[in-house]
Each structure stands twice: as structure tokens, then as C-alpha cells.
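Pasting in a structure now, in C-alpha cells, and then I'll have a few things to ask.
Going by the order they are written in, the chains are A, B, C, D and E; count residues from 1 in each one.
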Amino acid sequence: MFTTSSKFYVALTVLAAVSFGVYMILIGPSSIGATALFGMIAVGILFIWLSLHTRDADTDDEFASGAAADAPSRSMWPLVGAAGALLTLIGTLTTPLFFILGLIVVVATFVEWGIQAWADRASSDPAYNAAVRAKILHPIEFPVIAAIGLGVIIISFAEIMLAVERSAGAVLFIIVSSWVLAAGVVVAIKPNMRRGIITVIVVVGSLAIVAGGLLGNASGMREELVKAAEEDHFMHRECGPEKDKYTDKLALESVSSRSAVVATVEFIDGKLVAREQGVPGERETITIPRSNPSSIIFRNKTEGEFRLLAVTGKTMVSEGVYEVDEHCTQLIPAGAEQLLTLTMAKPTLEGGEFYLEVPGVEGQRVELVVP
Amino acid sequence: MVSAGQMVNRLTPVLRRLKFLPLVGFVALAGCASNAPQDTWAPEGPNAQMIDDLQKPIFAVAGIVGLIVFGAIAFAMYKFRDRGQPIPEQTHGKPVLEITLTIIPALILTVIGVFTVRTVFDLAKTSDTEMVINVTGQQWWWEYDYPVQEELGITKPIITSGQLVFPVGTKVMLRQTSRDVIHSYWIPKLNGKRDAVPGRVHLNRLEADQPGIYAGQCTEFCGLSHANMRMEAVALSKEDFAKWVDQQLADYQAPAEGTLAKEGETVFLNQCVRCHQVNGLKRADGTPAIAAPDENVVSGAAPNLSKLMTRNTFAGAMFDLVTPECRADVWDASRETFGEKYLAGVSEECLNQTDLRSWLRNAPEMKPMYANPALLTSTGGKYRGMPYLALSENDIEKLVAYLLTLK
Amino acid sequence: MAETATHEHAAHHTSTGLSNNKLGMWLFLGSECLLFGGLISTYMLYRGRVGTGPTPSQVFDIPFTSVSSFVLLMSSLTMVLAVSAAHNKDDRATTLWLTITALLGATFVGGQVYEFTAMYNEGLGFSTSLFASSFYTLTGFHGVHVTVGIIMLMSLVGILNKSKVPGSRAETVEMIGLYWHFVDVVWIVIFTLIYLIPV
Amino acid sequence: MMSEDTTTKQHGMSTAGYVRIALILAAITALEVSTYYVDFGPFFMPSLMIMMVAKFVVVASYFMHLKFDNKIFSWMFYTGLFLAIGVYVAALSTFKFFMA
Amino acid sequence: MAIIERPSTTAPAVLPTVPSAAFGALKRPVTVSSGWRSWLFTVDHKKLGIMYGAVAMFFFIVGGLEAVLIRLQLAAPDGKVLNADLYNQMFTMHATTMVFLFVMPMASAFANYFLPLQIGARDVAFPRINAFGFWAFLFGGIFINMSWFLGGAADGGWFMYAPNSGPIYSPSHGVDFWALGLQITGIASLTGAVNLIVTVLNMRAPGMSLMRMPIFTWMITVVQFLLLFAMPVITVALFLLMFQRNFDATFFDVAAGADPLLWQHLFWIFGHPEVYILILPSFGIISEVLPVFSRKPLFGYPFVVFSGAAIGFVGWGVWAHHMFASGLGPVSVAVFSVATMAIAVPTGVKVVNWTMTIWGGKLSFPVAMKFALGLVILFTIGGLSGVTHSVAPSDTQQTDTYYIVAHFHYVLFGGAIFGLFSGFYYWWPKVFGKMLSERLGNWNFWLMVIGMNMTFAPMHILGLQGQPRRMYVWTEARAGEGFFNLGFWNLVASIGSLILAVGVLFFLINIFVTARKGKQAPADPWDARSLEWMTSNPPKEHNFDSIPTVGHLDEFFHRKYSESESGQLTQVKSGEEVILDLEKNADAHIHMPSPSYWPIVLALSLPVIAFGLIYSIPVAMVGGAIALLGCYGWALEPSTATDDEIDPPSSGQGKEMVHVG
């Protein structure tokens, strides 16, 4: 009843169970490693059931004896398997990434080597054996290799662009794509192009991209991005009248949230005009419910660039030292509009300043009242 | 022997017509249903009246059309039942009849459509607002804050909860919003409902013809205690409303030294003030006691308890501050006497001791809220509702005495 | 309906004379319009709400994105050539053009991966602002559709060079071609509405 | 019962035809990108929209064969498309999205 | 589909056992007619229809129990049966189960089983996608209900409005299970829609033009187009919700400036076509049943078809009538109010045509006819109460109260479920070859009618008296004085729901009784009119021995009766003879698609991915791997189980496979 393939999978499952136990003792149940090994056990059991069930190509005894006589063909899989196991060990000590990579290599070895050895003894004719092996493994190998290839190309292509200057990125992009297109056209025009040349073009192309990728990765991201990442400069805002080096660039033209605002503040010819949603007429004070995120639209209708500053009380930074809370929009030209969302937890009667103002313009102030 | 099948068969057409008799009965019975506090067919304000004037004829039209259709079906069932007649003529339909019976409903609906559109725009008018009240919903109670309006005598913002007090015959504009999820403010006898959506301000008109208390309830599913998030709109005559405003703006009188209420105040200062604000309350060292609900409550607000005893309800208008007798006395008061009965507020003997004490003893027991510390990891340790404070009995005694002074 | 030469079957007779697969694919593309329509309208609603994060004009790199649109357009061309080669039963050309389309698609996705990494470093995290969430969701959905398209192209190349009869897979090539052109057409709409119309 | 087979019918375009269409599309894309650099003034939005729709229709009718195939395919696709446009424009208009 | 070639034939002939063309998992199972394997790997539209029906009926019982628990909690003031959180879970899951796991799958059970039969096809266009659709629905339903045992079910209502469905206000995993479960059932509905539309367009019998198709097929086609275009919209909404809950996106987070109404729009753009998806199949069923028992054709067939299409089309323009009170501007409210009224016109046309069909007929009243007439009357009541709140101002008084609960239960229970029950009694002989007992059927019908009216009629009054929906408890204070106050009507509704439950119980009894000793059904029990009755009961695996050429609408009737010059109808042939004619000139060899492993494998990967998205990403990766394996297995599967299989095909003659695609 036990076909050769099922014996192989029983071995695999036992090995997985043992390594699962070792892993749990040594490392403890960190999710990735434990799940991967547990998955291996589950897959092993599935394969056992499958191979028992499908009764495919089970060679009865008297037939197997003839084919298995000659020595098994040389194969590089034991070497790869050993390297994989080593990587797994290193992985357990260093980063889990190596552990997973090692694990994948080990699994791949088991599958490939197992089926290879089994296929060799399927029948006496090597060509037929190769065909049988190809039939089982190709539907698995092709997608995996293709996926790895695709992944490498995409990642390395992205790495190159990250390393290169911002403007050069577009140029490089055009070069690569037109090169691929040109290669396609050339091969299409010459139908009798020998296979050799095609493979050369493909190999050279992919090597170039991968090399570029490694180089890009080594040299790291362009310093403009690195600086942007460190300072997180889009986050902090200077709310003075002058232009802020980082944030004030090409401000927003339109804000599509007209139906979700508490009040609209317009800076018309140097005068700050405030209107509360649903309350007729212009207002000197805007009432905002306590600790409720409320949005205010600021429209600049005066020539020149202005921003809206909201001062919302003060917070105690350290004993006795208070810092004024400021929220502001970007500097916007005439005709543009911005959204400012305020959440004020403390009532205004607690003291401190609560008002809206346009920095650089005196005397234009709208009081904020939080009941 | 007449088999049961035949008997059933002969009875069926008769029974079929009886089938919807219970339904007609129910509709008739509806007429004499009780006048529930949230009855949508008993308007008491111009807006609800406008809706009712539109609604009643449409119910009538629907009823008549229904009776016509059921009559036709019942007649057909009775007349054309199988009495052995030959297989009927295989007619495929008369287009003329089809088209007429399509146009008639279309005409009826266009008429209804015209009236609907007119009423929609009438109800949505906001230009003639005479008074503004900001209504804010949060999980499981309503807060009302009256912005400064000199012409009504409101010189400082007034904050109350539970009962919305407003003058009779004034076009009040409610600016509704919410601090956490979507709620819906609905006083059936005064106007249709409008959702209070966080991040948005929605406008809804409120106006009453006569003084009185009008009940309402949150009608957009808002979680655990959606059923217990109630509100009442109290309409007072203009003079009574002015007296109410002065009452609300009056300064805070600390209780006299040595009395039980004074000890209650100290208990309040070290327990309740973490969330509840009482305007004018001072700590021992004279600094004003500012509540910080934003550190303890997810919605960032807790009911403002200054002048608590001028209101008749507490805990999201779920429980009454007054005993049932006093409540009936206020609710059933005649139009004239209602004003000063309400303004009298909650007296010592009228106070609903049982509910208030059990609320102070263990609030989550009385009203399901997310106040169980075990579930607080997802909301960053903040409550959604009043937690269990483990107050001792005499603390509760003192607190009740102190709360009674908040008039 | 392409005959399968290995099994001498009469092609299945259909009432409209059209192939089931093609009708099914067009219905699927019709419903995909609703899916991308929903994501695009979510983006259009939330594009202006940047909170404290970077604004669209500060993170978009128009030259780069226009090249990636050009690349996707060219991949549409090579796809069409592959389909017509398949109909002319020239398997060698079909395989070639399918590979070229897959490669161009890969460069496009590579460009997207680069764009996302660059924006992430410039402070546009997935939950930085509403603009960020809706932008990443929309372009992410489109990127996943392109990647699925590339995987289908490569599997088709794998199947093609194993099938003995030239032109026997013409219909499948046409199906994947329709899918690829739809993904390109959606990018045409996204490119204009999101990148070119300044916020 | 052989049905008339779509594969034997000569397809609408030759390779050169397809390349020509691709070049037209590339030209329109270039024009679109130019709107980013050159200020079109009031014509900015309409021109972008027209170019987008043009590219959409060209790819749909030539590359996706809608022009040469049975009308049922066009019905299927364009029903879905116009339904999407209609429904989402209506939804956005309730958000006062198109208000000036 | 790729054909895996045998290994190169150069292998020496001396090899005693040549392995078969495909190996292991890639081999395609052989058609077996019985045993669990024939159900697990089937692609036959009839087996799948029966399985859809069985699972949907199971979920109907689950949903019914949830409803009874809700009514017990509300029977008396301050009820103690369910606490607040459990009540919220109960009404959410009652609605989700009834809508997504009962009415929709039951409609696709009828569609899967009868559509191919009614248009004279041997199976649907994509049999394996059909199987995948069923398994995806089943796993989706199980996945949603797993939440009961893993920390509480979803508790935000079936509409799951933001921000209440967000991570802060619904911390338990219930909403995640709900969102991902609906994604899976959504995929099932979408694939089903593509499948059935292509079947209707492409696989009709020769001579059957679109205007000669049976009306049930027409209604199902309109429903599939609604599904095709509505499912993607809710998929977008559910993805946004899932990204917000699990990957902290800020789509509905008001602090980031989001607008909660976006969810309402996306949900109801799907929601309103959804309610037409629920009702149109039942319209189709009773439009088949009424003519048969009036013994005269459907009155104004083209009008009924165009009004069905009109309902489907206008259904896309009315979704905001669910949001009249949620703060849209007066202009939008007015527009959507008028559009909602416009929908009443085509519905009115349908009611007119049903009445005209029975007018002048020769009416007999078996239980199927009773349920059909029940639909016409109760649906009309629901429709009229619907018109009263299509008027926006009165809707601001009625929305979210029990009046709306009464409206949609009259329309859904009185309409959709009565239609489905009419279909059970009408088509039971066709599916199982036995007649459901009329005696038990009458008990079932009358108890359901009385129970339904006793439960939902008082809800009109509760709603008008101002009782809001989704309240876990009602109190004496707000119930009003007098005997007929809200307390009385709540009690009446609760008793009515128990009667309803007993009524449905009678149907289950009827099923078992019929299964054990029901009488064998004659070939043409009802002297029916359409094509599905031109097959044996139950139909053979390949449905028609020879595909009939269709001459007119109601082909079966025209083959039985002919009209002499004087216009007098004479019966020419009996139903049995018509069926025998078909069997005489049966086709030589009929190709049926053979079963396949891969639909169930691919469908199984979906809940694994969903489970992983909630608990741990590596599990989701494993699910993804299974999905990839499923896709490749599906694509590389040989188009037929090769004839010379090693284990001899058990079902006699070997099955070739028509290249169905």
C-alpha cells in the first residue's frame, strides 16, 4: 500500500516535526518560524494523503528491481540542501530573514531531490524519466522561478531609481523601456534570429538591471530622500508670515469638504470675515464644541500670499513654562483655499488666548469660544 | 364523504378574503392607540404640523389604492375560481388597459411629488432663524450649549444636557453635531429627525406652539446604550424662559461651612471633578476647578452639572431626578401653570433618591456602558460612559446633599 | 471559439455566435469599472484633506509618472501585436511579444514600487492623512491588477511553448489581452485625474 | 454544426496600423503632460478631459476590438462604465463637490 | 484550457504500465453518480442548486431563531432575555444572515437549477466557476458565523455605519469577520452573475429569442446584471473598512477630516439595487406560478419584462432615500424623493399584470398558488407603506422607527419569502420527483400568513407611535397610557413571531414526510407551460435527451394544446407524450463536463486568507499559496477525464467533455 512517494513524504513530515520541536524549545513560539514549520507538517501530511490516494505510477516490486540497479545520477541537490540548512542555523542566531530563506531552500531541496530520485527509478528509459519528472515539477518550478525573476527585476529596478537623482529617474526609465521595446522589435523583424543571440540579449539585459539594483542598494537612497526621511520636514510647520523652507510649496487650490465645516473664514482685501455654518450674518466669535474635531475653511481673496494661524490656548511644557499652541495652514495665493481641523479639549474660560489671525496683518482677529 | 380537501377548497376563496381582514382591523385599531409621548401623528409645532398636513392625505391615498387592488383580487379569486368551466381564452394582454393603468399611478405620484418638493424646501428654510442652540450628541447623552445671544439675555455661554429648554413661538435653529458616532436628534411632536454626524454641522428647525414637555429619542444606531439615549424638549413662555436664563447664569453659591453639603463638595472635588464641570466651583486653594473629561472619556466630554437641579432628568434623560408623583405634577400641569412648576426645579422631597443613589453606587449596572477597565485597551484607557467609582455609602449621602444645592 | 485541434470537436454552438469566454470577460470588465470608479471617487473626495502631512503637489513627480504611463501604453501596443500574432498562428512572435509586454509591465510596477518608497520617505505614510490613504489604496489596487496581469502573461508564455499546435491558444491570449488593455485604460483615467489635475 | 468562427475573419488592423495608433496615443499623452508645464488658462480642465476620453475610446475601440466585434460587447462594457460615472457623479454632488 | 500531453510516445512499448496522461492532483476525477465525492467535486448545475437550497434553508432557520430571540427580548418592558451587546449582535446577524445567507443564495439556488432547464441548455456556461461560487458562498457563510465563537459577532447593524464600525467603537473582531465574510460571499455572487448572464445570452435553445424566454429567466437575468454592477461597490466599501480597522488607514476617522457619509453612500449605492436583487427572483417565480394555476398566459408579458428591467435600472438612482435624515442638502433630498416615487410605477405595472392574469382564469388553489397570491397581497401592502415614506418630509418622521421595519418585512417576508415558498411547492416534484403534501402545506401557509400579519402589522403602529429601531429594550415611561399602548403591540408582535416559527416548522415537517413517504410525482403535475417541465422528474444528468426547438412563448403548453379554427382549445398531447417525443430522437452522444477538484480548493483558500488578515499575516500567506495552487491547478486541468482511466469509470458509458470553456 505504501508507494515510494509516500515513504518520502513520511520522512519529510517527521523531519519537520522534529525541527518544529527543536525550534519551539530553542527559540520559543515566535509566530513566523513556528507557523512555517507547522505549515510544513501540514503540507507533509497532505502530500502523504495525496500520494497514498492517487496510486499514481506505483511501480510494483519486480519491475523496480531492474531500473534501480544502476547508480543514481549525480545531482547538485545535496549541496544546495546543506547550504540551506546552514543558512537556517545562521538565521536562528541572526535575523529571522535568513532563517526563512534557509527554510525555503531546505524545502525546495527536499521537493526537487525527492522527486528527482524517485523519477530516476520510475522506469529504465532516462528520457521517459526526465519527462515524468518534468511533468510533476514544471507546474511548480515555472511559477516559482518566474515569480523570483519578476521580483528581482522589480526590486532592483526600484533600487536603481532610488539611488539616482530625482530628474535622472525619468530619463533612466525611458532608456530601459525603450531598450526593451527595441530588443523586441529587432527580434521580431529578423525571424531567423538564432536562439543564441536572443538568450545573450536577455542575459545581458537582466544582468545589467540586477547589477544596477545591487549598486543602487549599496549606495543607498539619494541624500535628498534620506534628509527628508530624517527631518520628517513636512510634518513641522513654521507659522510666521514669511515662507517656510519645507512646507510652503504649490499649496492646495480646492478642498472638497464644503459640506463638512463648522465655519468659513475669508481674508477679503485685508479684512478677516468669519461665517459660522447655519448662523446668518458675519461673526466676531466662532463657537466650537469642546474636544470635537471641527474643520474651518480658510479662503484667501487678497493679493499676495497669506496663511491662517489658530492660537488655541497654552500647554504646560515644564513647571511654570507654558508654550502657546499654534495650528496654521500653508501660505496660499489669492483664490486658493485651505482646510484647518482643530480639536480643543479645554474650555476657553480656563484662560489663555483663543483666536484666529493672519500672521503679518495686525488688528484682524476672530475670537474662538469653546463652552 | 366530503373530503377535507374539498371542504378546504371550497372554503379557500372565502378564507382568502378573510386573510387580510385582521390587517384592516389593525389599521382601524391604530386610531384608538394611546397617545404615546413620541406619537408622530400628534403635531404640536409648525414644522411637525407641515409634515402632518403632507402625510395624512398620502396615507389616505395609499389606503384607497390598497382597498381597490385587494377588492379586485378578492373579486377575481371568488368569481373565476375553477367551477369546471373550459380552459379560458389564451389572451396575451390588452396594451390599452396596460398603458392607462400605468399612467394613473404616474399621475397620482406626480401630484404627491409636487407637494413633497414644496414641503422639503419650506422645511429647509434657515434665513428666519431667531435663536441658535448647538446640540452635540455623544455616546449615550445629549449636550446643549447656548451661544451668547444678547437679544435673549444670554450674556455667557450656557451648557446643559438632557432637557433642551427653549422659548415658545420662537424659530429655534439647532446646529447639530456629534463627538464620536452618528446619532439622530428627534422630537416627534415638533419636527422630523436629523442625524448628528461627527465632523459635520446639520441644521434642524425646532418650534413649539404651547408650553410643555415633548419627549424624543436618539434614532440612529449608536452602539451599546442607543436605547437609553433620550431627550426632552421643554417649551417655556418667553417670560419664563427669561427667568430660566437668569437662573442658569446666576453665580455659583458654595454650600455653607460645616454642612453635609460642604463635605459633599470636597468629595465632588476629589472624585467627580475629573470629568464633570461645575461652573464657578473653586478648589480649596481658590483656583477654579476645571474638569478634564478629555483625559478620561473617549468622546472628550461629560455632562456639565452646574444647575443640575433645574433639570428634571439625568443620565441621558434615562432616569428622572423627580419622583413619579412630582413628575406627573409637572408633565400634566396646565399650559399656564406649567412654567413656574418647571422653574421650581427639584425640591428636597421631590428628589428621586432611589435612582440617584443607585446611579452613584454603580452606574454601569443601571445603564450598559463601556466603563469596564478590562475592555479599555482599544480606547487607550478611556471610558465610554460613567465608570464604577466604588463610593462608600456616606460619600453618597454627602454627594446627594451637595448636588441638591446645585440650583 | 478556437477549436482545440487535439480533440476533434465541433466548437460549441452559441445562440449569439460569440464565445462564452469573451462575453464573460467583457462582463467582468464592466463590473471592474464600478470598482475603480468607487476608488477614484473616494480619492477625489479626500484629495484635499492632507491634515499635517505633505500635499499632493509636494510628493508627485510628474515627469516620472508620465514616463510610466508611456511605458504602459507601449505595453498595450505590444499586447495587441501578440494577439494579432496569435490569431495568425505565429507562436514564436506571440511568445516574443508576450514576454516584451510582461517586461514593460514589470518596469511599470518597478516604477510604482520606487514611487511608493520615495513618497514613504518623504513622510507620506499609509495613515499620515486621508490623501495618503486614498492615494495608496487606489494606485495600490491598480498595481496589484498589473502584477496579476504580468503573472498571467508569464504563465501563458510557459503554456504556449509547451502546446504542440500553433494558434491553439489564440483565444486565451485575446482574453489576457482584453484584461491588460483594461488595466491600461484605467491607468489613463487615473493618470489624468490624480496626477495632472493639481489639487 | 460549425459556428462561424471569429478567428478566420481578417482582423481590423495590420501591425503598421496598430503602431500608428500607438504613436497617436503617445502624442496625446505628451500633450497632456504639457498641460503641467504650459498654463492653458481656462481651457485647462476641458482639454485634459477631452484628451483623457479620446485616449480611452481609442484604446477601447481599436486595441480592445470593440469597433470590430459584436455590439453586445460594447453594450456590456459601456453600460458598466456609464452607470459608474452617473452614480458616482451623483454621489459626489451630494457632497457639494462640484460647487464653485 | 491547457491540455497536458501524454509523455512523448517515444517511450518503448515494452513498458508494462504507462502512467496515465495526468498525474496525482492534476488528474480530473471521473463522473460518479453517488457518494460524497459526487457532491464535493460536482459541477452539475442541478446538484449545485440543491446544495445552495439546503445551505440557504439552514441559514434561514438560524436567522429565524435570531429573530425569535429578538422578539422575546422585546415582548415585555425592560426585557432580560438578551443584554444590550448580545441584542445588538443578534439583530445585526439576523439581518446579515437573512439578506446575504438566505434570500440571495436561495434565489441563486432556483436560478442555478431552473435557468438552464428553462432555456433548454444542458448546463451553465462555466460549470467549474458555478461550483466555485457555491463553495465560496458556503465558506463565506461559515466564516461570518465563526465570529460567534471568537469574541462576539458583529454588532453594528447590517448597514455597519462608520464611525461606529471603526476600531475604537467596535473593538471586537466581530466586524472584521463580517466585512471579510461578505467579501467572500460577494465574490461568489459576482462570479455567479457573470456565469448566468453568459448562459442566458449564449446557451438558449434554437428558436428561443429573448422575447420567448420564460419570465423567471428574464427576472433572474435582470437580477444578475444588478449583482454584476452592485457587488464591486460594496467590495470597495468593505476594503476601505478593512484597511481602516486592520491597517489603520483614516478613511472614516473624523479627526483626520474624514466624512462618515462616504460609507453611507457607498453602502447604499450597493444597498438599494440589493433589495431589488432580493425581490425580483420572487417576482419571477410567481409570474410563472400564477398563469399555470389560472390556466391562461401571463397578462402583458412584454410589459412585465420591461417593468422588471425598469425597476432594475431606476433602482440605481434612488439609493439616497435611505439617507433623507442624514443631512443631505434639500436639493438632493427632493431629487431622490421624486426618483423613489418613480420606482412605484413599474412595481404598480407588475401588480396590475398579476391581477389581470388571474382575471377571467380557471383558478385552482394548491399551496403554491396560495403563496403566490399571498405575495401579491402582502407585497402590495408593503409597497403602499413604502410610498408613504418615499415622501422625504414624512420619512424624517418615520425613518429608523418600527414603521420601516414593518415596511421591509412586508416586502421581504410577504414578498421574497412567500415567492420562494411558492417556488418550493411548485417545483418540488421537478427537483425531487415527489409532491409536497397539500395538507401540511395548508397548515404551513395559513400559520405563516397569520403569524406574519400578527408580527408585522402591529409594527406599523409601533413605528407611528415613535418607537425607534434597534432598541434592545423599551420602557413603560415611553409606552403611553391605555390598554392599546406600545406594550400591547410589542406583545402581539412577539406572539406572532412564535406562530410564524411554528408555520416554518410545518414546512420542515412537510419536507421530511414527503422525503420518506410522499407520493411519486407524475411527469406534468400542474399541466405547466414552460420548458423545464419537458424533462423527466428529476431530470437526467444531461437534462434534455434532445434540445427542443422553441416555436413560441410557453412552448410546452403549445405542444400540448392546439387551437382549432373556431378558437376552441383542444388537448392534442399529454405532458408524458411530449417528453417521450424528445426521448425518441435523443442525441447520439452527449458531452457533460466532468467534475473537478479545483473549485473547492480555490474557495477554501479564501477563508484562510481572511482568517490570516485578522489574526496573523503568515496564515494569510499560506492562504495565498493555496489560492495560487488552486488557480494553477484549475488552469492546467485537462479539459476531460481521459477515457482510458486506470480505474474503470463506474458509471457505464465513458463521458467525453464538450469544450465548454
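FYI, contacts are C-beta pairs under 8 Å (C-beta built on N, C-alpha and C of every residue); 3 or more make two chains touch, one makes a residue touch a chain.
Fair warning: this is a prediction, and the values are worked out from it, not measured in the lab.
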| item | value |
| --- | --- |
| Chain nearest the overall C-alpha centroid of the shown protein atoms | E |
| Most contacted chain pair (by C-beta pair count) | B-E |
| Centre distance in Å when subunit A and subunit C are each reduced to the mean of their C-alpha atoms | 19 |
| Approximate Å spacing (C-alpha centroids) for the pair subunit B, subunit D | 52 |
| Cα-centroid distance, subunit A relative to subunit B, in whole angstrom | 49 |
| Distance from subunit E to subunit D - Cα centre to Cα centre, in angstrom | 36 |
| Junction residues of subunit D - those touching two or more other chains | 72, 79-80, 83-84, 87, 91-92, 94-97 |
| Residue numbers of subunit A (touch at least two other chains) | 143, 256-257, 259-260, 293, 295, 339, 341 |
| Set of subunit B residues in contact with two or more other chains | 198-200 |
| Touching residues (chain side subunit E, partner subunit A) in the complex | 4, 7-8, 10-12, 15-17, 19-20, 23-27, 254-257, 259, 329, 616, 618-619, 622, 628, 632, 636, 646 |
| Complex contact set, residues of subunit A against subunit B | 259-262, 276-280, 285, 287, 289-295, 345-347, 349-350, 369, 371 |
| Residue ranges of subunit E in contact with subunit B within the complex | 83-85, 88, 155-157, 161, 163-164, 167-169, 171, 254, 257-261, 294-297, 299-303, 325-327, 329-330, 333-334, 337-338, 341-342, 344-345, 348-349, 351-353, 355-356, 358-365, 370, 373-374, 376-377, 380-381, 384-385, 387-388, 391-401, 438-439, 442, 446, 449-450, 453-454, 457-458, 460-461, 464-474, 477-482, 484-486, 489, 561, 563, 567, 569 |
| Residues on subunit E engaged by subunit D in the complex (per definition of touch) | 201, 225, 228-229, 233, 259, 261, 265-266, 269, 316-317, 320, 328-329, 332 |
| Partner subunit E, residues of subunit C touching it in the complex | 1, 4, 6-7, 9, 11-12, 14-16, 18-21, 23-24, 27-28, 30-32, 34-35, 38-39, 42, 45-46, 49, 51, 126-127, 129-130, 133-134, 137, 155, 159, 162-164, 169 |
